[in-house]
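Read the structure below first, then the notes.
Letters A, B, C, D, E and F name the chains as they come in the text, with residue numbers starting at 1 for each one.
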Amino acid sequence: MPYVTVKMLEGRTDEQKRALVEKVTAAVAETTNAPVENVVVFIEDMPKNNYAVAGKLFSDK
Amino acid sequence: MPYVTVKMLEGRTDEQKRALVEKVTAAVAETTNAPVENVVVFIEDMPKNNYAVAGKLFSDK
Amino acid sequence: MPYVTVKMLEGRTDEQKRALVEKVTAAVAETTNAPVENVVVFIEDMPKNNYAVAGKLFSDK
Amino acid sequence: MPYVTVKMLEGRTDEQKRALVEKVTAAVAETTNAPVENVVVFIEDMPKNNYAVAGKLFSDK
Amino acid sequence: MPYVTVKMLEGRTDEQKRALVEKVTAAVAETTNAPVENVVVFIEDMPKNNYAVAGKLFSDK
Amino acid sequence: MPYVTVKMLEGRTDEQKRALVEKVTAAVAETTNAPVENVVVFIEDMPKNNYAVAGKLFSDK
């Protein structure tokens, strides 16, 4: 604890994901006083046809 | 804001998803006074072997 | 099934919530061919100090 | 109702998932007095490169 | 890991919640081969006016 | 987009939450190339009697 879920469009590289979880974990640990080893991060990749803003699918943009 | 997540069995066409996000966005905007351009919709497709009611997987029905 | 979660700032009246679940249920049933009686809607009310865009809490806006 | 989501690393067999939803449904029904037929279980399979503890992706372990 | 979320109507006692997390943890550990100490359970209590089936709020039933 | 949810035990101050959303937003923007103004953060505060590890509620620890 804490548990962080990052929901974003699919397509990021493992390199980006590696940096993402490292930096988000550090940010959370620093500001909530939780030990780094307790911070859990889940990434959820969204296909463009499963994500819409203002009623329009991203796959249609 | 608001943010809407629709979790359903996989298999709907992009045509159905297009209509779904459009109509849900309109329904949310109309009833919560949120501007249409602020409404976000996520669709989560569930495989049948990841969904159970009354202790039975849908893939076993 | 389908299951719909609507996450929005707290403060809507029960009247608004009543209209929201009714209209969202109709929109989902119509576009996914799910029977109305199978559609489930969860509402999640967010306090302003638990919601941020561009790094700023809504309670600070 | 109740609605149970089980988020775990991908790779379990359908056999394990069958037993999981059956036993979790029984546990929830027994302890919350909800009828078995009302209990819904969602399984979310996580790829190793979408899950991190202590800032490290599981795909890097 | 695994991580279990149980979403249900508010009103259960701590006694029921104690039994719920214990039995769900045992069921998950047994069927997924995860060590008991790794299993995490979150409970989400829903107010009746934030939960609807077939377009009707539970608070209106 | 991206959308970040931070689930943690209740009790953090608004000061901590302010720093949390700012630093997490910066970490996500930096590592995913998303503009800061597109990053959304939700905080979910958990009561101790709604969170369990190894089958034990935190309120019983």
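FYI, contacts are C-beta pairs under 8 Å (C-beta built on N, C-alpha and C of every residue); 3 or more make two chains touch, one makes a residue touch a chain.
By chain, with names taken from UniProt: A, B, C, D, E, F = Tautomerase.
Since we're looking at a predicted model, the values are computed, not measured.
Visitor: If you tally contacting C-beta pairs, which pair wins, B-D or D-E?
Guide: So, comparing the two chain pairs, more contacts are at D-E.
Visitor: To the nearest 5 degrees, please report the angle of the rotation taking chain E's Cα atoms onto chain F.
Guide: In short, 120 degrees.
Visitor: Express in whole angstrom the distance between the two chain centres, defined as the mean CA positions of chain B and chain C.
Guide: Centre-to-centre distance between chain B and chain C: 12 Å.
Visitor: Round to the nearest whole Å and give the separation of the Cα centres of chain D and chain F.
Guide: Once rounded, the distance between the two centres reads 22 Å.
Visitor: Residue numbers in chain A touching 2 or more other chains?
Guide: 3, 7, 26, 40, 51
Visitor: Where on chain F is chain E touching in the complex?
Guide: The touching residues are 7, 46, 49-57, 59-60.
Visitor: Sort out for me which residues of chain E touch chain F in the complex.
Guide: These residues of chain E touch chain F: 14, 17-18, 21-22, 25-26, 36-45.
Visitor: Per the contact definition, I'd like the list of chain A residues that touch chain F in the complex.
Guide: Checking each residue of chain A against chain F gives 1-9, 12, 16, 19-20, 23-24, 26-28, 30-34, 51.
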